[in-house]
Amino acid sequence: MGQLRVGMVGHAFMGAAHSQAWRTVNHAFDLPLSARMSVVAGRDDQRAATAAAKLGWESHATDWRDVVARDDIDLIDICTPGDTHAEIAIAALAAGKHVLCEKPLANTVAEARDMAAAAAAAQSRGIRSMCAFNYRRVPAVELMRRLVAAGRIGTVRHIRAVYLQDWIVDPEFPLVWRLRKDVAGSGALGDIGAHIVDLTQFITGTHITAVTALTETFVRERPLLNGSKTSGEVTVDDAALFLARLDGGAVATYEATRFATGRKNGLRVELNGSLGSVAFDFERMNELEFYDGALPSTEQGFSRILVTEPDHPYLSAWWPPGHPIGYEHSFTHEVRDLIAAIAAGEDPAPSFADALQVQLVLDAVERSAASAAWVQVEPQLAAAV
Amino acid sequence: MGQLRVGMVGHAFMGAAHSQAWRTVNHAFDLPLSARMSVVAGRDDQRAATAAAKLGWESHATDWRDVVARDDIDLIDICTPGDTHAEIAIAALAAGKHVLCEKPLANTVAEARDMAAAAAAAQSRGIRSMCAFNYRRVPAVELMRRLVAAGRIGTVRHIRAVYLQDWIVDPEFPLVWRLRKDVAGSGALGDIGAHIVDLTQFITGTHITAVTALTETFVRERPLLNGSKTSGEVTVDDAALFLARLDGGAVATYEATRFATGRKNGLRVELNGSLGSVAFDFERMNELEFYDGALPSTEQGFSRILVTEPDHPYLSAWWPPGHPIGYEHSFTHEVRDLIAAIAAGEDPAPSFADALQVQLVLDAVERSAASAAWVQVEPQLAAAV
Amino acid sequence: MGQLRVGMVGHAFMGAAHSQAWRTVNHAFDLPLSARMSVVAGRDDQRAATAAAKLGWESHATDWRDVVARDDIDLIDICTPGDTHAEIAIAALAAGKHVLCEKPLANTVAEARDMAAAAAAAQSRGIRSMCAFNYRRVPAVELMRRLVAAGRIGTVRHIRAVYLQDWIVDPEFPLVWRLRKDVAGSGALGDIGAHIVDLTQFITGTHITAVTALTETFVRERPLLNGSKTSGEVTVDDAALFLARLDGGAVATYEATRFATGRKNGLRVELNGSLGSVAFDFERMNELEFYDGALPSTEQGFSRILVTEPDHPYLSAWWPPGHPIGYEHSFTHEVRDLIAAIAAGEDPAPSFADALQVQLVLDAVERSAASAAWVQVEPQLAAAV
Amino acid sequence: MGQLRVGMVGHAFMGAAHSQAWRTVNHAFDLPLSARMSVVAGRDDQRAATAAAKLGWESHATDWRDVVARDDIDLIDICTPGDTHAEIAIAALAAGKHVLCEKPLANTVAEARDMAAAAAAAQSRGIRSMCAFNYRRVPAVELMRRLVAAGRIGTVRHIRAVYLQDWIVDPEFPLVWRLRKDVAGSGALGDIGAHIVDLTQFITGTHITAVTALTETFVRERPLLNGSKTSGEVTVDDAALFLARLDGGAVATYEATRFATGRKNGLRVELNGSLGSVAFDFERMNELEFYDGALPSTEQGFSRILVTEPDHPYLSAWWPPGHPIGYEHSFTHEVRDLIAAIAAGEDPAPSFADALQVQLVLDAVERSAASAAWVQVEPQLAAAV
């Protein structure tokens, strides 16, 4: 069996999640390529070495450029903050490496366009790229997509999507990198809002065309991370809310916030169609609610499907009926699909072009919030499609 | 339109619930007879007068015998504790009055047999009798029965029934009549266990044939009601648990308790059949859960049917789709069915014979708990059927 | 005990709900005035007569002016479509009658201003007026308001309010009056959107100051009611979505729709504050979810409070712990509070001025949707406050 | 860092689950010993080789005796059917290997007693043994235990435990080994009933003293596995139901079944105490419901605790707040605790003696079902304690 030799850049939260996926994927799924965890890169030598040992990588490096330059690496997995994505990804693609890049694709539309162009160019040389919108690989989400694609809810009229967290409600929570625009690009919008934009477009197969938005930063000064008394300015949004119209005719509400006290990771999507509805809540990620308007009228109701059966997406690789899987499995499924696509010589999804389109929506949201006006989502350049 | 002139005996909790039903039934339903709330009887003149005014009765009386003796009363509604049911019901039937009697039918099997015999004798003279197992008239319960009767869950294999309350968890709660065997007959068993016995037999159309049981009294001494320092003995069960076999082949667990902290009125019934399942929880009385094993395998799930649509049982009389009804509506539906049966010259259900059968199950439970052995449920006498 | 002699105008859905409340209120609550159901008015003599008999009114009339003119009427209860509210209410107030008026207060801001002015003028003569936002009287909603007012969730940051129905998803559903702008004023916006605007302002004690909105009419032609082949134009919104800012600093999403397949009467409100959260769903109207951020961290969670205990708002009038009430009880509670206020010589809430403020929000939403721009909510005139 | 060299016997469902745990544990937790997956044993050479490759073992063997005999193995992990547990475990302990043994400990009490005796003897030589009741290591279950142990629900009065599956509802499902008494020992009772017996005793810290039980086999003949037309006899129970009394004064209902249509892996435990209640449902394994009777009366309710926070049991090793884990994590936690105990020179729990006690309960259930009488649970021999 051939190998897919992986070099990962970054080893924080996302690095740990990706590592769990790379370690597990060949034990759960039968695949034509075996993932080899060759090297992990991090700026600090000691911390990178510790991460390599803990997360299961064969070696470590302190400069991602060294990893990209290695002949014995097939794929670069980018798990760093958004301000570094473009440089790493473009270099890796140029070096003929497949790329898996965490979301959001970039911190700016310009960077995202460059990345999408680089990916398109690399594609012609058989180099694959994928943006890591992992929630697409939650089995209940994929089941949702299939039901919608099969016409089971008819024409989608309403989308209701929220991503609710509460980890910075405390004003004493410090000024971490995710609260700084120069590193993170945006706040709740790019971090979690990006997920619900991608998911709803993925599930419905339609795209957001225009938005009206507001963003808010509830706590504008926070203690610095170093424990000094000085505080620093929060330069990103705590919350982003917007209405949207989609090209399939649906209207939508979106909300991403880090101030929803008690909601820890509350990614929820509900779609109402002309024939039925579907609803998903990541807090109960092994369940999907489906309302089938075609059933006898006295028997209609939201059905709680336990998406834990062998004939549900991805589930045959796991446990017997009724045994829940967890958050990390979405990453295992993601790299499963990536490996399968690479082995088959096909392009995995979501592509960088798909991720650029999400970036264009986020950009429209920011411009709408800034201008207090409806804003059209910019089209992608032809080259990026 | 003809009248049905009602005399009610007792005006506590059940009297208030029945009064709300009698006041409302003709405003909600189109019926051939109009209920007239002629008189309410209570032992204390002043309290009976107050109750009549508050609950909407035209007059009051202090002796139920006077009410039974009146020519201008068509129906006696018995809302008193169980130790008085037999005497009142038998006298009323003998006087040619229709009878609605609260559950449990009586405190002993002997009394229940006498009542069932009296009802059978009266029936031949066109006198109707009904035992007030009101939960049968919750729309979701009736929908449950219809689904089972239509074969939608196949052969019933499992019954899981609990009735959970917590109103006497506090050991300082006083020794009210419901905790005294001489008045109440039994404790949780007859008060709430009777409901789940009746409901499960009603919904499945099968009967309990044998039981193995335990009963427990967790708090054996309680303060007297009069506020004196003296305490008195609790002479009934706080909780009754039993396993049962039913004549349709199902096996069952039953539990009735007043010590389930946090469960206020938790009547729950789940049935698992060879083709599907149904589940009901009175805390969410406007909902029914239905699992249809005939759906495509990836779409099976417990469906939460909001039983609030016009084509659901009883609902066309009430509000538009999605508007919940409450506990008291079960009584309004009960008297609706009673009035309809009387007007049609038919026997309403549950009959006194049905209620006797429940009493025989309760009796078997008590004998099983006392003997620590499996006990067969006694058959009804032929005369009582 | 004194009487409050009521004349009701209109006897459709709302008339039936109000009738149930007037019939019941004095049986459930101890009040200084007894409601007397004197007369119901409807344009068609036969239908009004039938309604009077069915709903329990002593007499009927075919012209509301005759009812307003009667000396023996103390209160006019307006249950007609919105285009008639202003004329009836202003005449009734001028005639010295107390007024209970269904929501929305009027079809236009101009009418609502006139009504609020008339109510203010009447108030100085001891005449009371109230707008029937009945959901305020759901016990769980009132408990929610109390928790917020007591500071239990801290500063409110997020409001998430939807009112989801699905009764016109079928394009063959006919063109009823609620779908005609000339009669109904607006569609989902005024019918159900008004409720969530009122509720969220009521619960938080803050007001919406600006909105950005969209409205949509998914099905633009529908069959006429008379069964003719001809179809007619739907002139109101099927759905209205808006973002809002409130004067307390919160940001909000609102959505009212009649196209949320499977959601029958899904009025949901969630508030996230700096210290906790509360959430309510009318499909489970006897429950309130409360997240208390002050509890030990490992024990925090959304608590499902069964709002069915005697010490919960309004509940001491009803049944023992754990016994659900229904939709109609919100009206019984509403007239309870109205009677109590009239007897005490106090102004009930919500006042016509409160309802005008809701109307100003609805107006801002319509203007925002029409102009595709953020719109400030107009202030009330001083005279109307 | 030292190694713990593991030899696993059996590589079906449980073998796969244990392998995932061994592969993951050192990547998630900081431990003084590193698990080394040395060898997996299976009777068929080819299948064992395939399993070794798929599951991540360094080598394979076809006779467990060879594995036990190896000097370079520190621990034997027994994942075979119950009829082989005693022989393997006793041999392994005699050879000075630590033992992790799947549940139920054995198919008979006699075997379980021998194993407990062997474990006790080995303990004196520093050899550790543990029975793999993995559900103890679900974080919500451990939180439940801590709440009960801390007195937060007071004296436990009621236990309500079910384990509901539906995988053999179809009468055409074949006669697999789990349906044959000679291999499996019992049916639902030992397979899943054992879990709820262990869990409830673990959480409450009390023991079942007596039971009254029934067992049922709904489908008595099933097709043979080899696809021949001949059918074979099901020799185990499809369902086992029992009432129990515990030495702490609680009364309980237990039910284990493979015929609960629609319930896939429905392990549910509810405890009602004098001060509060706790409830767990494995279908929502990341949640715990807690009712705290000490809260203000109007705020009491079952709180849905998302057991996904860093300060919850085991969770600091995983993802940020609100990210669910899955079934397999219970095994990772199990081997984490086992490794930690071995490294610390302490005995892990549950011990073989604990598992023997569960076996004694199962035995009492079987004897009660056979005799239709209450049966006392036998005491353990002193030597086994």
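Each chain carries a letter (A, B, C and D) given by its place in the written order, and its residues are counted from 1.
Operating definition for what follows: a residue touches a chain if its C-beta (ideal position, glycine included) is under 8 Å from a C-beta of that chain, and two chains touch if they have at least 3 such contacts.
All figures in this text were calculated on a predicted structure; none of them were measured in a lab.
Between C-D and B-D, more contacting C-beta pairs join the chains of B-D. Note: the chain lying farthest from subunit D is C, by mean C-alpha position.
Chain centres here are Cα means. That of subunit B falls 42 Å from that of subunit D. The centroid of the Cα atoms in subunit B and the matching centroid in subunit C are 36 Å apart.
Between the CA-based centres of subunit C and subunit D the separation comes to 55 Å, rounded to the whole angstrom.
Shared interface positions of subunit D, defined as residues touching 2 or more other chains, are 166, 263, 300-302, 306, 309.
Listing the residues of subunit B that touch subunit C in their complex gives 13, 17, 19-20, 23-24, 27, 30, 54-56, 165-167, 263-266, 282-286, 306, 308-309, 318-329. Residues 153, 157-158, 160, 162, 164, 166, 169, 212-214, 216, 218, 239, 241-243, 245, 249, 251-253, 255, 257, 259-263, 272-277, 291, 293, 300-302, 372-374 of subunit D touch subunit B in their complex. On subunit A, the positions that touch subunit B within their shared complex are 143, 147, 288, 290, 292, 297-306, 309, 311-312.
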